[in-house]
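In order of appearance the chains are A, B and C, and numbering begins at 1 in each one.
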Amino acid sequence: MIFKLANPNRFIRFSDRISPYLSYLFILLMSYGLFLCFFKSPPDYLQGETVRIMYIHVPCAWFSLMFYSSIAICSFFSLIFKHTLADIISRALAPLGASLTLATLITGSIWGKPTWGTWWVWDARLTSELVLLFLYIGIIILSNSFENKTKGDKYAAILSLVGIINLPIIKWSVDWWNTLHQPASISKFSSPSIDPSMLTPLIVMTFALLFFSLQVTFIRIKSEILQRKIDIIRSTELS
Amino acid sequence: MMNIFFKLLKREIKLSIDRISIITSYSSFFLMSLLIFTFGIGPDIGKLNELYSPIVWLIMLFSIILISENFLMHDYRDGSLRELQYLGYSEELIIFSKAIVMFLILIIPHFFLIPLCSILLNLNLTELISLSINVILGSPSLILISIISNLLTIQVRQSKVLQFVIIMPFYIPLIIFTTSRNPNETSDIIDLNKFLILIGFFLITLPIVLLSGKMILKEVNK
Amino acid sequence: MILEIISINLFRNKKRIFKNFNFKLKKSQIAALIGKNGSGKTSLLDMVVGLIKPDSGQIIIDRCDIDEIGENKKFKFIYLPFIDAFKENFSVQDNLKLWGELSSVKFTQKKLDEKLKFFDLFQLKNTLLSKLSQGQKKRVSLVKLLLSKCTLWLLDEPFNSLDSENMKKLKVVFLNHRKNGGSILLASHIDLKIKDTKNVYIKLEKINAKPKDNNDNWNSLR
């Protein structure tokens, strides 16, 4: 299917058909999820009501990492298999992933204020999210630094592949750095055993965010394809 | 293949010997940043002594970003990089020879800068030796990372900030490892774990840089 | 058959530059690629030399595919690009010696002086390249032709910036090379009047604004 959808016109038809369903699913799941978050899930023993931020923070964190991996996979397809849409998908995902990373950081620091007392703490997870944000920003700026979009795509693809290989190293070293300087700290951001009443809203919100991201990505891909078609027509008119 | 590699190496050294300005600009930037750090932190010798390692590594990062364009950007602009490619030299050897020459050229200023640092920051002999070994083991990785960021931005004008944004995530593990102090290690000079980690980091970075550099050099000509 | 270009297709910058282009160059033959600026002459030479890969097709030099020659490229042909790669802060002599080492072309000082005299460059042999005019720089790169022993010459606008006297000298060099069994493929934007030259005209093909099939439209997106 990956190669069947490589034809951009077929992709646009596919995304046009699916888009309404994605929007309905998103609205449905988002409302249900918010209802579960605010009314059905219990407040935490230690943190009180502020634990509800976890329902946005955790899905954002998961997706920020998942989108970076998706960008790396698309870059691999683009460079090795020369898949025609892979570059465009990377371009569409990058700002979305960067925004989700930013959302993770902001919600993380909002969560941290009541629990830790400060707006920012150099926790291993938050620090690696910050590094991930810089990886995203590097890809976005690099892909837009060239007049020729295809060139920018290729360089950004190489950078994202180098980044994905280094990402485990970075995460591991930040973890190690954190434990080195703060010998005994239990991160309140991770709950070792989640109660089912907290798990359900989390999963619902995760799927809501997934459909939202898919919808946004499809819109961005479609607009990028149309923009490139306009560029071709403009350049053929000039010559 | 070794003949070809030594030929490239000889050529790079001949070209770089003429660029004595690299060494002077590196050294002056290093010393001036050190001076500014000292003015910022204060004359308290105790504080400077604690922070010497991160200070030195931070200054090294900025200095290498500053001077690394001399090795790659100038060669791209005057067409020498293309020349090496159409004469049949493989891209990996080109990048590897450039990395080695950068390392050799930068050893010269480090040779007198690190002892100078030790005087200014009041380090004792053991700290000086461990800092020197750290620099020797860590700077190859830093040079490789700066080469990759240079190659990615070789066709972009005024790319210093972009280079910094690209280098930053890859430099973070390196600076974490070089400035860490293992509290369990008894000997001050030989921290075998840290040295092995730094060597391992270099061995991981090397193939990544060579392979991605090859892909970039193939893209550059289009 | 020294050079064979078989069925190459090339898309660049959303334009189809070559469509099933075929060309063969025999021993003792001079061929000129003539076309306007931007018609793809330099791209064709870049493909022959191996800097760019065509979208499809094959290039065979001396019965070897260009991708497989590798290190022996410097023995199979000599390529003089439009703007040759020179180190600006080295002298004429040093530049040629650097090039000689890189291309494995051996020559004595006496032979170098003799070839420099042919193009009236002997007095300038110790001048820095940055101080030469365009025409003089072109003559320095043409000296490489006299020093090289390759049979296939690939030249991009060799007559550019030359005055009429040096143009005559260059034509003599070409005719001598052809007499000795060598072949030349040169690109030029004007029609040169060299006896028995095979002229190959290259025109840029216009693509329609509304393409008929979707695939053609999409290929030009890359």
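Side notes on the structure shown:
Throughout what follows, a contact is a pair of C-beta atoms (placed from the backbone, for glycine too) under 8 Å apart; a residue touches a chain by one contact, two chains touch by 3 or more.
If you're wondering where the values come from, they're calculated on a predicted model, not measured in any experiment.
At the far end from chain B, in terms of centres built from Cα atoms, lies C.
Innermost chain of the displayed assembly, by C-alpha centre distance to the whole-protein C-alpha centre, is B. The geometric centre of chain A is 49 Å away from that of chain C, both derived from CA atoms. Chain A and chain B have Cα centroids lying 32 Å from one another.
Distance between chain B and chain C, defined via averaged C-alpha coordinates, is recorded as 37 Å.
Counting partners per residue, chain B has 222 as the residues that reach two or more other chains. Interface residues of chain B, counted against chain C in their complex, comprise 1, 4, 7, 10-11, 14-15, 18, 78-80, 82-90, 218, 221-222. The touching residues of chain A, counted against chain B in their complex, run 79, 131-132, 134-135, 137-138, 141-142, 145-146, 151, 154-155, 158-159, 161-163, 165-166, 169-170, 172-174, 176-177, 180.
Within the complex, the chain B residues that touch chain A are 148, 152-153, 155-156, 159, 162, 165-166, 168-170, 172-173, 176-177, 180, 201, 204, 208, 212, 215-216, 219, 222. Residues 12, 46, 49-53, 69-74, 79, 81, 83-90, 98, 101-103 of chain C are the ones that touch chain B when the two sit in their complex.
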